[in-house]
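The next part holds the structures, each set out as structure tokens.
Across the two complexes that follow, chain A remains constant while its partner is chain B and subsequently chain C.
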Partner chain A sequence: MYAYDEYDQAIVDQRVSQFRDQVRRRIAGELSEDEFRPLRLQNGLYLQLHAYMLRIAVPYGTLSSAQLRQLGYIARRYDRNYGHFTTRQNIQFNWIKLEETPDLLADLARVQMHGIQTSGNCIRNITADQYAGAAADEIEDGRVYCEIMRQWSTFHPEFSFLPRKFKIALTGSPNDRAAVRVHDIGIRMHRNAAGEIGFEVMVGGGQGRTPMIAKTIREFLPKEHLLSYLEAILRVYNQFGRRDNLFKARIKILVHEIGVEKMRAAVEDEWQQIKDGPLVLPQATIDAIAAHFAPPDYRPQAAEQPEVERLRRSDGEFALWERTNLFPHKVPGYVIVNASLKPEGLAPGDATAEQMEIVADLADRYSFSEVRVTHAQNLVLPHVAVKDLPEVWRRLREIGFATPNLGLITDIIACPGLDYCSLANARSIPVAQRLTHRFSDLARVHDIGELQIKISGCINACGHHHVGHIGILGVEKNGEEFYQITLGGSADQDASIGTILGPAVSSKAVIDAVDNLIGTYLDIRQGRETFLHTVRRVGVAPFKERLYATA
Partner chain B sequence: MPLLKNGKEVEDPWHLAVDGDALPVNGPVIVFLARWKAEREALLRRNIGVGVRLKNTDKVAELADDLDRLGVVALEFPKFSDGRAYTQARLLRERYAYRGELRATGNVLPDQLLFMHRCGFDAFEATDPRVLRNWENVVGAFSLFYQPTGDGRATVNGLRQTRAASDNEGSR
Partner chain C sequence: MTANRLRDGAVVFLKDDHSWSENLVGVAVANDAEQAAALQAAADRDVAAARVVGAYLFEIALENGDVLPLRYRERIRAFGPSIPWDRPVSADQLSR
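Take a look at the complex of A and B:
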């Protein structure tokens, strides 16, 4: 994976010094809170309901074991012994003291991490397929281009005060695991007719109060032009994006208002003037970054693994886990292992210091010291030899990270909600917890099959409810928590926005409501049809009818 | 109002003529774009320096043909969080090769000076006195930069290429 050189390190170190000075000036009263706010936000420091929250970037979801171990240390030293992995592949610490943040950031800088641009109206952490560099189905390791974009976007002087935040996601696989179509810019690597690999560029996707699917603005962009093309899009957005209304300031609104044709024309016009300038990526630059992502030293593996075979036959739990939580690796004899951070009854995406340290140890021993964070708030050991699966499974099970529920009904995405967040209208985590209790029978969970429930505590949609197969949005009515349910959303290559089912249901009724929807699905599904396919085939009407008939 | 120019506090010789006001008899003057377009010939005939102040919604291309006649182009930050003038500044410097004074006006705060400087601003109206005090500090906060912006600073990628070239040289 990418390792900083002395230039990258100096920039992050200088940032720590700068922020140390800004915090000092704030505490000394030289900076007002209004002036300090954008400065702390650009370091990922939010003021939440109960304390400061620090959001730390995990660029394109890739962590080294040393970095994860350091996050564990930070959880113990500066927080209440846990952290929360987010829907943007970042990690948040919820109980931070302002005066300690400079030291915390210095501790992060020691392992080449930071909170730069994890907030504010700038280009945010760039997200990617969590299986990049390992997945059997990928065209190319997209992290190379994510790192190139990371450097370009870091302290970009022209784009640090955009109309609104700006999120870029990239997938190097035709099977989109990065939700690129609900990002401000989505990038999909693919081959053109001549067999060259380049980028499809999509623009104007997003969630929030006006969910939209991104539109293709360029079918095929040669690699060397990646940065100039992005700069052209950002330049058009910086000039013409709306600044009169916070809720209409994202690029999706600009694209929607002027239309994708006009947007394309404006971007192309700008791009023509800069495409052959200093942002051109020479092959040598791409190669130098790509060298960091060279494959690890895979070992030839025996085709037969009698030990694993035996466990598979003798232990149903292992067999179920193996069937559910693994993903095919591009190298024979290896698999991608998902550690489920969705055990029954706990907050989705939370991990304690000890859990982080044990996953880091597992990565050192069994996954070439690499870990990934997924936007679905799980962790991944990307390169595990099949022969090591029994041991990895046992260790993950010991720390509660081996629930065989990946992609199933209890693999719930949830934002922090009203338990932490100052924007929230309702709680998210307790709804997720109650759902995991209701659906604790694994046989039933597996019978229901592939199903993504996504919960947001407010319309900002950090919990991605618009693209949940079942989306749950917390709203507040007369001081009480209610939940609005949507059906049929999807964040993958067939992205769609869910349809609102009907009036919001009470907090008390929401678990029964989900159960009711599952009952309808089980009754009307055809063969092995997934929940999403059933909704797409029959529409929301049968679900709605049964839900509100009994309500 | 004090002016920070090229890192130093200087007396501002320029007078901003608000639309509708008569031009001063003497001294260089800055006018808004509409007045510049309407009174261009007369302003040039004064022969004592003229500058133009653009709103951040004005198109800098409108000045493209006149840039070598202007002593100042002033851009506006109505709020520090409104970053449109950063793009205007880069276009003036990099696309239209403007070499005169490029001035930041409005809500100019110390912690934004480096971004502004990187985009081509070399003069800052210091409504906030901290702007004058913190120049060295703020501009010196970073010594390395990723993006090529035409400000003359070396980029990290440029430094890497130079190093790679000299490494190759050395190994031969």
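Take a look at the complex of A and C:
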């Protein structure tokens, strides 16, 4: 994976010392909160309900074992012994003290990490397919281009004060695991008719109060033009994006208001002026970055693995886990292992210091010291030899990370909600917990099959409810928590925004409501049809009818 | 009247003697606009003095003399998250 050069390290170290002085001045009363707030936010430090919260960037979801171990240390030293992996492949610590933050950032800088680009109206930390560089179905390791974009975007002087925040996601696989169609810019690598690999560029997707699916403005962009084309989009947005209304300031509103044709033409005009300038990416530059992502030293593996075979036959739990929590690797004899951070009854995406350290140890021993964070709030060991599966499974099971539920009804995405977040209107985590109790029977969970529930505690949609197969949005009505349910959303290559089912249901009724929807699905599904396919085939009416008939 | 303490972000409540407490026991209560303005003025002085940030008044009920925030949000601020949130470090971990 990418290792900092002297410039990267100098920038981050300098940031830490600047912030140390800013914190000193703030505590001494030399800076007001109005003066200090933008400074702390530029380092990922928010003030939430109970304490300061630090959001730390995990660029394109890739962590080294040393970094994950350091996050464990930070959880123990500066927090209450746990952290929360987010839907943007980042990690948040909930109980941070302002006066300790400079030391914390210095500890992070030691492992090439920071909170830069996790807040503010800049280009945010770039997200990617968590299986990049490992997945059997990928065209190319997209992290190379994510890293190039990271270097271009960090402290980009022209784009540090955009009308609003700006999120870019990239997938190098035709099966989109990075939700690129709900980002300000989504990038999909693919081959053109001539067999060359390049990018489809989509613009104007997003969630929040005005969910939109991104529109394609360029079918095929050669690799060398990636940065100049992005710069052209950002320039058009920076010039024409609305600054008069916070709720209309994202690029999706601009694209919606002027239309995709005008947007494409404006970007094209700008691009023609800069396209052959200094932003052209020479192959040598791409190769130099790609060298950081060179494949690890895979070993030839025996085709037969008798011990794994035996365990598969003798232990149903292992067999179930193998079926759901693994993903095919591009190298024979290896698999991608998902550690499910969705055990029954706990907060989705939370990990304690000890759990982080054990996953880091497993990565060192069995996955070439690499870990990934997923936008679905799980962790990944990307390169595990099949022969090591029994041991990896046992260790993950010991720390509660081996629930065989990946992509199933209890693999729930949930934002921190009103339990932590100052923007939230209702709680998210307790709804997720109650759902995992209701659907604790694994046989039933597997019978229901592929199903994504996504829960947000407010309309900002950090919990991705708009693109949940079942989306749950917390609202406050007369001081009580209610939940609005949407059906049929999807974040993959066939992205869609969910349809609101009807009036919000009470907190007490929301678990029964989900159960009711599942009942309808099980009754009307055809063959092996998934929940999403059933909703797409019949629409929301049958679900709505039955839900509100009993409500 | 509540705020977050500047140094560590802890939730604090203003008491009658204008000190800040981490719990609701014995906090100052405003019964009318005039009293509310007095609490706001006291809190604003501590905001200006960089002791606390984001001070604001919130609605409460008095139940058997105990202060109970009306809104759910304020209850969570006062009593902590509604889910287990304190995961103490074990002695074994501390020794590492």
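What we mean here is this: the second predicted complex is superposed on the first by the 551 of 551 C-alpha atoms of A that agree within 3 Å, B and C clash if a C-alpha of one lies under 4 Å from a C-alpha of the other, contacts with A are read in each partner's own complex, and residues count from 1 in each chain.
Keep in mind that, in the parts below, a contact is a pair of C-beta atoms (placed from the backbone, for glycine too) under 8 Å apart; a residue touches a chain by one contact, two chains touch by 3 or more.
Note that this is a predicted model, so its numbers are computed, not measured.
**Q** Mind checking the superposed model to see whether chain B and chain C fit together on chain A or clash?
**A** Partners fit side by side after overlay.
**Q** Using only C-alpha centres after the superposition, what angle do chain B and chain C make about chain A, to the nearest 10 degrees?
**A** Once the structures are overlaid on A, chain A sees chain B and chain C at 80 degrees.
**Q** A:35 in the overlay: touching chain B, chain C, both, or neither? Say first, second, both or neither.
**A** In the superposed model, A:35 contacts chain B only, not chain C.
**Q** Which partner does A:76 reach: the first (chain B), the second (chain C), both, or neither?
**A** In the superposed model, A:76 contacts chain C only, not chain B.
**Q** Is A:239 touching anything from chain B or chain C once the two structures are fitted on A? First, second, both or neither.
**A** Touch status of A:239: first partner only.
**Q** Given the touch rule stated above, what does A:347 touch, chain B (first), chain C (second), both, or neither?
**A** In the superposition, A:347 contacts chain C only.
**Q** Which partner chains sit in contact with A:5 here, chain B, chain C, both or neither? Use first/second/both/neither.
**A** So A:5 only meets chain B here.
**Q** With the two complexes overlaid on chain A, what is the closest approach of chain B to chain C, counting only CA atoms, in Å?
**A** 19
**Q** For a test of understanding, state which residues of chain A touch chain C in their complex under the given definition.
**A** Answer in residue numbers: 26-29, 33, 47-52, 76, 80-82, 94, 96-99, 347, 352-354, 418-420, 424, 427, 429-430, 433, 476, 479-481.
**Q** Per the contact definition, I'd like the list of chain B residues that touch chain A in the complex.
**A** Residues of chain B touching chain A: 80-84, 86-87, 90, 95, 109, 111-112, 114-116, 118-119, 130, 137, 141-149, 155-157, 159-161, 164.
**Q** Can you tell me which positions in chain C touch chain A when the two form their complex?
**A** 4, 6-11, 47, 49-50, 53-54, 70-73, 76-77, 80-83, 85-89, 93-94
**Q** Would you pull the chain A residues touching chain B in the complex into a rising list?
**A** Its residues touching chain B are 5, 7-8, 10-11, 14-15, 17-18, 21-22, 30, 35, 38-39, 121, 151-152, 154-162, 235, 238-239, 243, 273, 277-279, 284-285, 288.
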